[in-house]
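Next come two complexes, and both contain chain A; in the first it sits with chain B, in the second with chain C.
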Partner chain A sequence: MWKFVVKRLLLTIPIIIAVIFVVFTLLHFAPGDITMQLLGTKWTPEAAETLRHELGIDQPFMTQFINYIKGIVQGNFGISYISRESVTNMLAVSMPNTIYILITSVVLSIVISIPIGILAALKPNSVFSGITTAFSLIGVSAPSFWIGLLLILLLSLRLKWLPASGLESFSALIMPSVVMSLSHLAALSRTTRSSMIESLRMDYIRTARAKGVKKKDIVLKHALRNALMPTVSLVGFIIGEMIGGATVVETIFGISGMGRLLVESVNKRDINVVLGCVTMMAICVAVISIVTDVAFAYLDPRIKAQYVSGGKSNG
Partner chain B sequence: MKNHDQELLLNIENLHIHFVLKKETVKALNGVDIKVARGKTIGLVGETGAGKTTTALAIMNMIQKPQGRIIDGKITLDGIDILSKNRMEIESIRGNLVSMIFQDPMSSLNPVLNVGEQIAEGLVLHKHMDRKEALVEAGELLEKIGIPRSRACDYPHQFSGGMRQRVLIAMGLACNPKLLIADEPTTALDVTIQAQVLQLMRELKANFNTTIFMITHDFGIVAEMCDEVYVMYAGTVIERGTLTDIFDHTRHPYTEGLFNSLPDIEHRNRELIPIHGRTVDPTNLPAGCPFWPRCNYICDKCRQDMPPEILVSDTHGVKCWLYENTSENPLMRRDYVAEENND
Partner chain C sequence: MKSLKRNVCFLLVLMAILSLTACTAKTETTAGVDKPVTESGTAATGGVGDHDQNIVMALQYDMGSFDTNVRWANEDFPVYFLIYARLFEYDENTSAIPGLAEEVNVISDTETQIKIHQGAKFSDGSEITSKDVAASVMYAVESGLAGEMLDQIQKIDCIDDYTLSIKTASAYPQLKLALADPLTSIVPASFLEEAKTNPDLWSNPICSGRYTVMERVVGSSVTLVPNEYWYDEATAAQNDSITFKIVPEASTRTIMVQTGEADICDGFSAADIESAKADPNVAIHSIASARYFYIFMNCQDEVFSNKLVRQALNYAVDRDAALMVQEEGRGQVMYDYVAPCCMGYVENPGNYSYNPEKAKELLAEAGYADGFSFDLTCDASFGSLAALIQGELAEIGVTVNVVTVEQMVDIIPLVAQDQCDAAVVAWSGPPDDALSTPCCLAEAAIGANNFARYTNAELEKLWANSYLQDDAARVNAYHEWENILCDDCPWIPLYVNEQRSLANADLKNVEMCCIMPYNLYKLTY
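For the complex of A and B:
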């Protein structure tokens, strides 16, 4: 199994390099001169030349790219053109905030939607099932910035229960996580529900019942593990979406996370910071897809058998 | 009478089960009576849709609710009134007193649990073993059915169809049930594996003295395995008797039709005679005997009233008006005729 994980990690490296290459190229050839923006009225051809040299952007494209990759391997993402701060430091400050929100949002979505999905599957035609469907529809349809603003209006400004911005206390995590998970709750619970319904109809459930297995164990031991596969792959996908969605949520709630850093640096054309953010996001998504695959193998021995060579074959 | 009751392991009396759907009502069972003595193997035969599996599921009290409704009838298993038990009580009976082997070994095992675990599950539940003991016992059961103990940690996808069916049999026998229901246990298997599985069941029966309730539509299996035969048609038993009663003294026109439609190895060039028409629609049963639209011996009474069971011998009962006043056999089963011609 470990061999498989290492193999997957190694395969991820070229993908990340490719992502960096694409973003690097796009930013490199984007129109406009960074030196004009930085020097403003003090711009002279000489000053621009010195600045270019200082920033390392006077070298040929491929040299710049290779130097950038070399830097990343050593943990050096270069310096911000504007604040002249190390990008590595900027990321180190903002990433934990994003990760906090991500973790709470993911946990919140799973903890809420999987039990809802199971309950809805057990009573597919009940009122409860109908209510969750309706609720899910609202969650999907309403844009998260709108929900976020409504929550701030109600819970922070009117009721003064929760802080409107920042990330100083645990209670400040609540609103961002709710907003972030809300739009995904629906998809997750619906997926769990439908795969659970399917799983409960399978022959092996009948076999388990014939053995005298208790209803609780039939649901949690026999059906759920088989039903979780689509849910797990969706969770992996959703985390990827959440990393992108963090930009909106962090902006609304004034959290200095990676998403906001990305937006701000794009606005200021701070190329190194943009690149650093995108690279870190790509790495996060890649790692999550590995975690998803490992979870698959853990859930289903048939998939594990494909990964682990030397397993017994049919016979 | 008391003595007689003790010999009976299973007694199904006048069982009526309907499935009430939105648009129609499927009358699956319409008065089934089956008595199974301890230690016997009985065969339940009939076409698809005759109600064989519904009968078996009713014995396990596993009729799908709320659509499935038990309209009338009683099932007594080892002195226990099955249909009156609540969920907790029935869970302690299933897999313990009675267990069931299903027809599709490919899909009847849980793909994400290893086979040892699946066999051990019943032992933990009913024999109150701890998990370790149960796994050891599961290994022993695997050995008994001819699968090495070391494979207990393997998953269903690592076994062939025949092996999976054997695992299911081991699972069924784990708690040493008094009654084993086998629902077409060999249908999904090829012929050589079929023979192995049947051989295994016979051995197990000899060793454990389990009563077997065998559902099949294969007369070959019935002849090999069973002591008594029940022939079902449209949710009712239309003929019952010992193996000789049914095979050599066939009485019901439907049973005759079943035999006539079997190929005969000694007369290979002979055309098969199918039963004309189609199986009755259980949502729209005809009045009278359900078989009359397809019967070659039809009389007026057949269209009006369902015949009661008429005993033609101590062990042989048949639901057909042909035997109302006479015990003579008017049927012309083809192999009888053929034998006469050969002589």
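For the complex of A and C:
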């Protein structure tokens, strides 16, 4: 199993380099110029050329790329052209904030959607199923910035229960996490519901019922484990989506996270920061992909055996 | 089918409840203002939140660097004004008033001696001397970022530990204004020297101002605490700390002030004005800003080289409508070439007004009775304004093709390459006409700030002779060239917007200048 994990980690490296190359190329050839941001109305072609030389961005494209990769290998993501801060430090500050929101959003999504999915599968045409469907549809249809602002107006301004911005306390984490998780609740609960329904129709469940196994054990011990496979796969995908999609939530709630840092840096043409953010996001998604695969192995021994045997089939 | 209908009805009811619970009242437009105005709620019962003396200000944008000469950007100034001293400071019209400068002696047209306060110290306890001041000012001169403001300064000599002699290329009555520029912020000469090879030092600056930096979290917050070595007890910080929190979303900043999470915010949105007026816990502070919006016309273009065409367009644009569309009526329409807070400002030197018939006459006189077409470039935030102008000019037979760019700075290379007919731009110039209009309209500035590629030999002579020491004579000179500009019309001046801030109703000493809430050291409960 460990061999599988190590092999996947090693395979991730060329993927991340490829991602960095694509983004580097796009930024290099995109319209817009960092010298305009820095010089503003003092911009002249001569001043811009001097500044480009100072920043090292007048060098050939491949030279700049290779220098950048060399820097990353040494843990140096360069310096922000705007703030002159180390990009590594900026990421060290912003990434934890994004991860806090991510973890709480994912936990919230799982904790709410899986039980809802199970109950909806057990009572498919009930009022409960209808209500959960309605809430799920709101979550997936309403824009997250709108829900965020409404929650701030209601919970911060009117009721004064929660702070409107920042991440200074645990209570400040609640609204951003709820907003981020809402859009994924529908997908997760529907997936759990449909896979539970399928699982509950299997012969081994009928056998377990015939043997007199309690309903709770049938659902939680037998059916759920098989039903979770598609849900785990979807959770992995959602986490990857959330990493990039945290920008809106971070902007609304004034949280200094990686998503907001990325968007602001794109607007300012702060190339080093953009590349740093994209690299970290690529690494996170790759790691999550590996974790998802390991989770599959834990849930389904057949998959674990496949990983251990290197994908060779038995017999 | 029944359950589907039930679900849909439930969904609609839920959305209605959510919206009604959280939505604000309908907004109304109000007239612009041209002096500081404070608007409080109808029943002012006092602000919310615990009133400690740790002031929290919510800002839209984060500052860049503590290095005073990396870039010239308004986002840096709220912090610079607090942590760094300068020889002069700004008043509410960004005119210069004494700061660290104790005494000013004009020796000749090109030499001014300034004596600084003795006993002033940096945050590390070392004394501020003339050598530090000279090094800091020359750092700003050499960076070139302040452009015409500091170009005149040729040399600074230290006569003794507290006296400097500043030599300028020619008579420069705006010297005090130049020395109030935030780029001339004072840091130790030794620090500047070390920072040349070790720029990381700027992360922990040695401060000369009323505050020192306690903590900065890039993208999130900056916390300042009073500098124990500030030299003047009478003008020392009146609060225990100031924390700037970066909150990009305007509505969130407003709510933070209303809930007491923040004591004051900048960039207060016009959309939130009515809800803020209904809240007795907050007060709105506003003033006509120095941010000046106009349309330049490429005067070297075949059509726009004709003065009559430019004058016609000045009559064809309804500035009141432009202000309403862009700023919900809050601000001040403009006909002059400098902002109201600028020395030399006149309300309407050319006596222009919205007069489409007059515009048509002028076009016919210019030989364009059948109209013409041109490209109007603007960034996405001016979409509504561009559409309005498109409609107004269509009435006089002029076809406007709107070209949208991502950001206003993207217009600069188009202008440099002479690929721009006309564009909507904004400008926050120095508060002295002699520094403002030549910067934007001198021949030497073509390819830089002179977007209109305008030239006028008569004006060049007037500008060269305008550095008069006597203020009244200078103002007369300014009026003379503004009359010429209003006749020549390289621009269509539109409006200045409003500088607005929302603060806790109990917060005292909220002062506004035309570029930002300022004198934050005075904020107290």
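Methods note: the second predicted complex is superposed on the first by the 290 of 315 C-alpha atoms of A that agree within 3 Å, B and C clash if a C-alpha of one lies under 4 Å from a C-alpha of the other, contacts with A are read in each partner's own complex, and residues count from 1 in each chain.
In this section, a contact is a pair of C-beta atoms (placed from the backbone, for glycine too) under 8 Å apart; a residue touches a chain by one contact, two chains touch by 3 or more.
What you are looking at is a predicted structure, and each value in this text was computed from that prediction instead of being measured.
Engineer: Does chain B (first) or chain C (second) touch A:Pro96, or do both, or does neither?
Structural biologist: Touch status of A:Pro96: no partner.
Engineer: On the A-aligned overlay, A:Met202 touches which partner chain: chain B = first, chain C = second, or both, or neither?
Structural biologist: First partner only, chain B.
Engineer: Using the touch criterion from the header, give the chain among chain B and chain C with more contacted residues in chain A.
Structural biologist: Of chain B and chain C, the partner in contact with more residues of chain A is C.
Engineer: In the superposed arrangement, which partner chain does A:Ile82 touch: chain B (first), chain C (second), both, or neither?
Structural biologist: second
Engineer: According to the stated criteria, A:Val213 is in contact with first (chain B), second (chain C), both, or neither; which is it?
Structural biologist: In the superposed model, A:Val213 contacts chain B only, not chain C.
Engineer: Which of the two partners, first being chain B and second being chain C, lies in contact with A:Asp300: first, second, both, or neither?
Structural biologist: First partner only, chain B.
Engineer: Hey, which residues of chain A end up touching chain C in the complex?
Structural biologist: 31-33, 36-45, 47, 82-86, 89-90, 93-94, 125, 130-131, 133-135, 137-138, 142, 149-150, 152-154, 156-158, 160, 163-166, 251-254, 256, 260-261, 264, 267
Engineer: Quick check on the complex: what are the chain C residues that touch chain A?
Structural biologist: Per the touch definition, chain C meets chain A at residues 3, 6-7, 10-11, 14-15, 18-19, 21-24, 58, 62-65, 67, 70-73, 144-145, 147, 199-200, 202-203, 217-221, 245-249, 251-253, 255-256, 258-259, 261, 406-407, 409-410, 412-413, 416, 427, 447-449.
Engineer: Which residues of chain A touch chain B in the complex?
Structural biologist: 202-204, 206-215, 221-222, 225-226, 299-302, 305, 311-315
Engineer: Can you check the complex and tell me which residues of chain B touch chain A?
Structural biologist: It comes out as residues 60, 62, 87, 91-96, 99-100, 102, 104, 107-114, 121-122, 125-126, 154-155, 157-160, 168, 171.
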